[in-house]
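These are the structures, in structure tokens.
Two complexes come next, and they have one chain in common, subunit A, joined by subunit B in the first and subunit C in the second.
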Partner chain A sequence: MDKAALLKEKVQNGFIVEGLEDMNEEYLNALKQTLLIVGDTELLSIPPLLTVYDQAPTLNSKITALAIMQDEIGHAHIAYRLLKDLGEDVDDLLYNREPHRWKNPYAFDFELSNWIEFGVFNAFFDRAGYTLLGDAFEHTSYGPWKRALVKVDKEELFHLRNGEVIMRTAMQDPELREEVQKAVDWMFLMALEFFGVADGLKSRSAQLEYRLKGRTNDELRQKWLSTAVPFCESIGVKVPAHYDEQQQKYVLDVPFPCKFDPVNKKWLFDQPDTWENVIKRFKQRGPKNKQFVERIQKGAKELEQLRKEVV
Partner chain B sequence: MEKVSTDTQKYWEALKEVMDPEFPISVVDMGLIYDIKKNGDEIDITMTYTAVSCACMEWIESDIKKRLLEEEEVKTVNINVVWDPPWTVDRLSPEGREKLKYWGVSAR
Partner chain C sequence: MIIEKERRSTFDVFARIKRGDHLMYIGTVEAENKELAKIYASFTYDEEDWSEMVVVDRDQLVWVRKPDGLFAEKGDES
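So, the complex of A and B:
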């Protein structure tokens, strides 16, 4: 049995990888790629949240929003710290990487329109994070990451509950009710896109074979739907999905994947799309990608400039 | 005037269902609830938070009210937040302490 096959068999049987000496190169690369996506996603969730942070209706909800953003920075720090331990130059990754090379989801390349969208962001996107990282916490073969996720799991739960509180409260006000629906209309499918291409289109996944995660993309999508749909139904928000008794799973009532109009933040349901095109859209990036990454890098660049002037 | 009832055990039990927003520990096991009094159809809660900068005060208060109002005889819930005595980890119940330990959070 070759080394890769042996490692795959070991991790499938519960072996926990602790350090570089336990890995092969393929494992290391898949792990680094995964952690980079996680770190970038955590960190770049903050710029969109900041676009409406000053619209928090009360001082205490503003403090809650700040606590959430602080958590996200902490989660990003964990992922980057793990990357550092694996030999990556984190300063270079953070401050010298061009905006289009960041790995955050497409949904984070947009400004939010109002406080309600802050809530839906928490309720949908943090739920996606909670689903993905919850799976990693449960299944990952990489020990240092598994241990770090204990705290992350709990904090993401707090974020998604905050989103639910904002949505539930807003649904009691006739004007805000419409805003909730409008936010859900563009953010629901965005959240489903977090989980990546459909299982049938993937020939193999190093992430699954090396047990960096446990569930497939479609399984994770179902898991997200299994809590998001009942929650939305319980507060009276319409969502384009329902549980199909015959198939014993959630099915979508609109084409997915589907073309998206980034200017008007609207799904073009009369234009079904392919995953291939969706990936192209991801790579083209959303409207605020450059601005948001530059915001993260601004302080470091300014300090670097000052240092040059002093010398 | 109705007599102030001292039998508030059921409300303590009810509040054991109101969870801290992050950890699955109730506000009772966290030691946030100092006193519960029943006065007719009103419940008076005296409570504190772990910090004056607690990010979830309104949220927790709304969860507490929502849960107590599920009790048929309760019509009003008044919450009085106090900072004296201040909350310390000593106020955690043994159950709360065990749960925090499980999640890797120091309770000392």
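So, the complex of A and C:
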């Protein structure tokens, strides 16, 4: 039996990979790719949150916002530390990588418009993170990652609860109510895009075969919908999805995937799209990609410049 | 970035939630010295109100046994 087949069979039966000597090249590459997406996503969640941080309505909510951002840095740190143990040059990845090569979701390349969007960001996007990483925590075959996710799982749950509190409170105010609906209108489908292309379009997935994760993209999307939709319905926010008794799953009431107008942050429901085009849109990046990555890299670059001047 | 990279060490972080619990391996930090390692660990791993936390320079860990690598070459013990 070749290495790939042996490792796939072992991990499907519960074998936990602990080090490089347990991996073949394909496993190592799939793991590195996964961890890079995770690290980039955690870190690049902060610049959009910072765009409205100063609009926190109370000192208490400001402290919570800061705690959330600190958590995200901690989560990014974990993913990058794991990458370093796998032989990656993390300083180079962080400070010398071109903005368009970062792997964070398209949804994070946008400025937020107001404090309510901070809440919806937590309630929807952190929920997507919680869904994806919760699955990894439960199923992943990579031991060091599984152990690190204990902390992440606890904290992401706190973030999404914070988002729910912001949304629920805002719904009691007639003016803010409209802001919640407006935020949900663009952020709902954005969150669904986190889970990637539809299962039917993927011929195979190294992530699943090597059990880096346990559930498929569509299964994870359903899991997100199964908590996000009832929550939104319970507070009176309209969402373009409902539970279909006959199919026994959540179905969308709008075309998905669909074209998006990044300038007005608006879905063009009269223009259904293909996943192929969505991937193209992801690769083109959103409006703040460059600015946000440069913000992350600014301090390190300035320090390096100062060092050069001293020498 | 270029200069201090040479001097940073990896520290493994262990912690115990409350008396009587197992001491758990919870993660790593990188730091120039043990004082900074203590600070980084307490800020990074603040998800519990730990009763004990310890950082150990990874170079100071003496391995008695390691798991057999699935694809380990014979004689490759490092």
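Note that the second predicted complex is superposed on the first by the 311 of 311 C-alpha atoms of A that agree within 3 Å, B and C clash if a C-alpha of one lies under 4 Å from a C-alpha of the other, contacts with A are read in each partner's own complex, and residues count from 1 in each chain.
Here is the rule we use: a residue touches a chain if its C-beta (ideal position, glycine included) is under 8 Å from a C-beta of that chain, and two chains touch if they have at least 3 such contacts.
None of these values were measured; they are calculated from a predicted model.
A simple residue count on subunit A separates subunit B from subunit C, and the partner touching more is C. Touch criterion met: A:61 reaches subunit B, while subunit C stays clear of it. In the superposed pair of complexes, A:162 makes contact with subunit B only, with no contact to subunit C.
In the superposition on chain A, A:269 contacts neither subunit B nor subunit C.
Judged by the touch definition given at the top, the superposed model places A:10 against subunit C, while subunit B stays out of reach. Residue contacts after overlaying the shared chain place A:53 against neither subunit B nor subunit C. In the overlay built on the shared chain, the residue A:18 is in contact with subunit C alone; subunit B does not reach it. Once the two complexes are laid over each other on the shared chain, residue contacts for A:282 go to neither subunit B nor subunit C. Comparing the two interfaces of subunit A, the one with subunit B and the one with subunit C have residues 150-151, 154-155 in common.
Interface residues of subunit B, counted against subunit A in their complex, comprise 21-23, 53-59, 62, 103-104. Only residues 3, 6-7, 10, 15, 17-24, 70, 74, 77-78, 81, 84-85, 91, 95, 147-148, 150-151, 154-155, 300, 303-304, 307 of subunit A touch subunit C when the two sit together in their complex. Residues 58, 60-61, 63-64, 66-67, 150-151, 154-155, 157-158, 161-162, 165 of subunit A are the ones that touch subunit B when the two sit in their complex. Against subunit A, the residues of subunit C that register as touching in their complex are 1-3, 5, 25-30, 43-47, 66-67, 69-72, 76.
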